[in-house]
Amino acid sequence: MKQHLHDLLRARAGGDALAWLEKALAATTPPVHHNTLLGYYSGASRRMGKRALNLSQQEQARGETLDAELALSHWGADEAARALLLLTLAEQLPPEEFAELARRCYELGDSREQESWLRGLGPLPDCARFLASAVDACRTNIIPVFEAIACENPYPLRVFPEANFNQLILKSLFNGIALERIVGLEARLNASLSRMSDDYVSEREAAGRTVPTDIWLVLAPHIAGEGLVRVHRYLSHEDPAHRYWAALGLGHHANGESREALRARAALEREPRVKAALDGALARMG
Amino acid sequence: MKMFDPHIHMTSRTTDDYAAMAEAGIAAIVEPAFWLGQPRTHAGSFEDYFNGLLGWERFRASQFGIRHFCTIALNPKEANDPRLSEEVIDMMPRYLQKEGVVAVGEIGYDDQTDSEEKLFERQMAMAMEYGLPVLIHTPHRDKKQGTVRSIDLVKSMGFPEERALIDHNTEETLPLVLDTGCWAGHSIYPNTKMDEERMARLVKQYGSERIIINSAADWGISDPLKVPKTVDKMREMGIPEVDIETIVWSNPATFFAQSGNLNLEDIETRPNINQTELFDGNSVLRGQTPIVES
Amino acid sequence: MKMFDPHIHMTSRTTDDYAAMAEAGIAAIVEPAFWLGQPRTHAGSFEDYFNGLLGWERFRASQFGIRHFCTIALNPKEANDPRLSEEVIDMMPRYLQKEGVVAVGEIGYDDQTDSEEKLFERQMAMAMEYGLPVLIHTPHRDKKQGTVRSIDLVKSMGFPEERALIDHNTEETLPLVLDTGCWAGHSIYPNTKMDEERMARLVKQYGSERIIINSAADWGISDPLKVPKTVDKMREMGIPEVDIETIVWSNPATFFAQSGNLNLEDIETRPNINQTELFDGNSVLRGQTPIVES
Amino acid sequence: MKQHLHDLLRARAGGDALAWLEKALAATTPPVHHNTLLGYYSGASRRMGKRALNLSQQEQARGETLDAELALSHWGADEAARALLLLTLAEQLPPEEFAELARRCYELGDSREQESWLRGLGPLPDCARFLASAVDACRTNIIPVFEAIACENPYPLRVFPEANFNQLILKSLFNGIALERIVGLEARLNASLSRMSDDYVSEREAAGRTVPTDIWLVLAPHIAGEGLVRVHRYLSHEDPAHRYWAALGLGHHANGESREALRARAALEREPRVKAALDGALARMG
């Protein structure tokens, strides 16, 4: 990954930027002066620019062999440079010193630096040691920072314990962030998440408010009783988005209880996208 | 009508807000210690924040004839860094003995993690030790579960229920709180959470006993006049004056008076405003024509 | 008319203020690091404050389509505790390399003590090292003397005068500043310091070259709309549009663009507002109907 | 002073308060637990109350033999208790430990605690070591805290260097605080203060604003040239307060230059208070 990032930057950056980058990378040779490194970590936006990498097909293919779930194409040049800097540091420093310095890069970062740091977490060696910072980042009110850890990022899928993963999903729902943007969501569905989502729908309904349409994807799979009845109700909702996500969620339902409801709806459904979702769900149930 | 806003973060609000609040009839406020929109990374920041609540902010309020009280705590959103939380907890006893402090708060759950629970429990114990009420924040996410767990903790610790105010209630959590001896707070927000009309409906259904409302205004889109606006709505919907007054004055005053640091007779009278001295380029009132009351 | 308020402390202001500023035409602001009404006693508080300026406050502004820049410094009011000042100075280089930082400031004199002068000088040297402009606060007390001393320091250090903005000028200090190559800022306050009409008279007398105006709004009685209000007054008094635009847009933009962190082309276009994502109970926009621009 | 404060409190406080006070005083015996002491320092307002001591004539007389310039009668019971606590600590602790703990009492204090601390500075042994905190207190925006050091307090008179004393006077003028409240002002008049005050009047006049009437007391004594002409102008101002303070200030003028102006005004003056001030100033000049 280190080599890949370096190649991507070399293919894009101008002479001044590359010269700066090489100087920054040279500063990773021990003994490392931490404040200098923190300065380089900050300086990347100004020196490398923030344009997205926009990978070519060939570059994309190479990236996928290294990490199929990393959305490198959307990273800015500054973000790639920051990830490269940390990957290089990880090779140069003893693990504890590296972890301490990496954490300071996060804590002292402005929003863009924090976003870069969170996006670049996955490729770091022993990345689970940064779990506390990643979970803490989920508490932020700065939506782009939250998106950097929650969206198009495989780190939560791979490292977050269930409780933290569920909080991340709930916060995405609160913030109107499409659940499709969460990497590996279907692999992390769980009973608590269904229960929490169901409580959230109850709260919204009691307050006379609308419900996020994609909530059914995480609510339906482990729900029973009244909650399941409610999903079935939304399966016939006038908004096709509700019908679509309810069908998708029911497709992940642990038992076959919903087969009848799905069949009944499929018989009436006119919207092709929803129809496909209903058929898919029925097919999953076999 | 004299009103009390028992939950408002004036540190993030302006003197224009103070002026409008005083004009609308707000005579006393409680500013709970909470977070500031972004996590702090040093215990020293908390010390400076607590000092600000007890010094500068109290003075700002006094300039508009508003009595300012505060609560002190490590809030749950910043309770997950063990290094920081130990240091903040260590400094709390110093603050809990100060006269402007009327509760330990906001404590409670945010993400409902183990470290939040540990600090929630420790701070409840401190409130018992210093004879103070507690202000319990309930989470935005997984609110009902968070409320149930908060109530369970109050009960399992044997914390006096009449000294616990559980805040940010909704239609679904209010009956759970009223089933205990705890007080129930409601944050009235522009367009979300609880609004004026829903609140008035809850009062129609449940009455005024142990019901408290607040604006929870802060650095977000919020409205420091939500208490008076909810009073208007309650009137419009035919709720008796005595119930309204109970909710927006007697209830919060009675609850926080349990601290021993809020004197019910004192707050009945508005403090004199003396703005004559404030001509400094650095004071809240930069040379405006002073208001003087004798 | 697109306007720039190059000195406003949004940390102490509300989202209502942001909304009103955007509505009035303010498209870009600079928030200088200053004090918060009460001295901080820990360097960690400054770190959290600087992080807030570069993170949370910038995000709050972006939600209203306003570009937020900041300046970083240890202000003179808090420059007298040697323990604290060493620590803050040590952390500054980390911040001076960040892209949202357009100057070192507010530096300068408050009580005009020796320790203020030492830190003023050290921070001027840092600005030279990092190629940044400086924002120089002039004192409320003994202002003329403080301005003269500030100008003397700029000259004796060989600091490039075109990169120094000397702020809070009055009738008596403005000609002193214009005699140098420095820029002259003016803080327009409600009822005191400089007001709209006096400012317009100064513009009639001295023209628009190197003249900058700001609201300096903060936690005191102040007005975040003083820039647009002064524009109205200047129009009313017959000052040509081109001069007005120079004062409230080109001058501050040109001055801070010298940092390399403010791109003149970028700020000509308003950033897209995307509020769709902000439904969280903890975000600036708590579930209000979102504004979406494509 | 320690004994005097203790006696004053014993004559006023109830049983609970006195018991609390004795417990607090007992906690000053080394080894002192600093946090406990800080707690007692804070608790005084709640336990002792804030009512002013209001000294009897006899008590007043005794206080004046100890320190004629201390305004004990205006101190609250809590403030007296805090001063007593610090005086007792000063006897019990090594100087460095005492100074450190005393400073923390100030730094961690709410406004009332800071006010108490500042009012109680003068009687502390080697009180000059707290100069930095006292000067720092002058930067506050909390007017009651500023008044606690600036007004009815002999500490600035006795300890402040000229530059800090002058800043205190200027800040009092900015804040509309009557200069009469500053202890020993006439003993600290100086040329810089006259120059700074004169600049302030120029600034106010250029801005078309009014001038504090008592500024002449500190402006006139060391002024010459145009500044002196201006004082002479205000000596005939329509507001008798200006005339009064201009006369008083000119009475402290270093040379006899103003004698003619004072005489001319005295011949016209109808206001008895101003007339007395004019006569007094002329008498001072001999």
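Order of writing sets the chain letters: A, B, C and D. Residues in each chain are counted from 1.
By our rule, a contact is a pair of C-beta atoms (placed from the backbone, for glycine too) under 8 Å apart; a residue touches a chain by one contact, two chains touch by 3 or more.
Please read these numbers as outputs of a predicted model, since none were measured by experiment.
Trainee: If we look at chain A and chain C, which chains touch each of them?
Mentor: The shared contacts of chain A and chain C, listed by label, come to B.
Trainee: Taking each chain's centre as its mean C-alpha position, how far apart are chain A and chain B in Å?
Mentor: 35
Trainee: Determine the centre-to-centre distance between chain B and chain C, using the mean Cα coordinates as centres, and give it in whole Å.
Mentor: Each chain's C-alpha centroid was found; their separation is 33 Å.
Trainee: Give me the residue numbers in chain A that touch at least two other chains, ranges are fine.
Mentor: 107, 141-142, 171, 174
Trainee: What are the residues of chain C that contact at least two other chains?
Mentor: 37-38, 41, 47, 51, 55-56, 77, 140-141, 220, 279-284
Trainee: Would you mind giving me the full set of chain pairs in touch?
Mentor: Taking the chains two at a time, the touching pairs are A-B, A-C, B-C, B-D, C-D.
Trainee: Quick check: in the complex, which residue numbers of chain C touch chain B?
Mentor: Spelled out, the residues of chain C in touch with chain B are 12-17, 36-38, 40-45, 47-48, 51-52, 55-56, 60, 77, 140-141, 189-193, 219-222, 279-289.
Trainee: Once bound in the complex, which stretches of chain C touch chain A?
Mentor: Per the touch definition, chain C meets chain A at residues 47, 51, 54-56, 58-59, 93-95, 97-100, 260-261, 276-284, 290.
Trainee: Which residues, counting only chain D, touch chain C once they are in their complex?
Mentor: Listed in rising order, the residues are 107, 132, 135-136, 138-142, 163-164, 167, 170-171, 174, 196, 199-200, 202-203, 206-208.
Trainee: Touching chain C in the complex: which residues of chain A?
Mentor: 35, 38-39, 42-43, 45-46, 107-114, 141-145, 147, 171, 174-177
Trainee: With touch defined as at the start, can you tell me which chain C residues reach chain D in the complex?
Mentor: The contact residues of chain C facing chain D are 37-39, 41, 77, 80-81, 110-113, 140-145, 170-172, 194, 198, 220.
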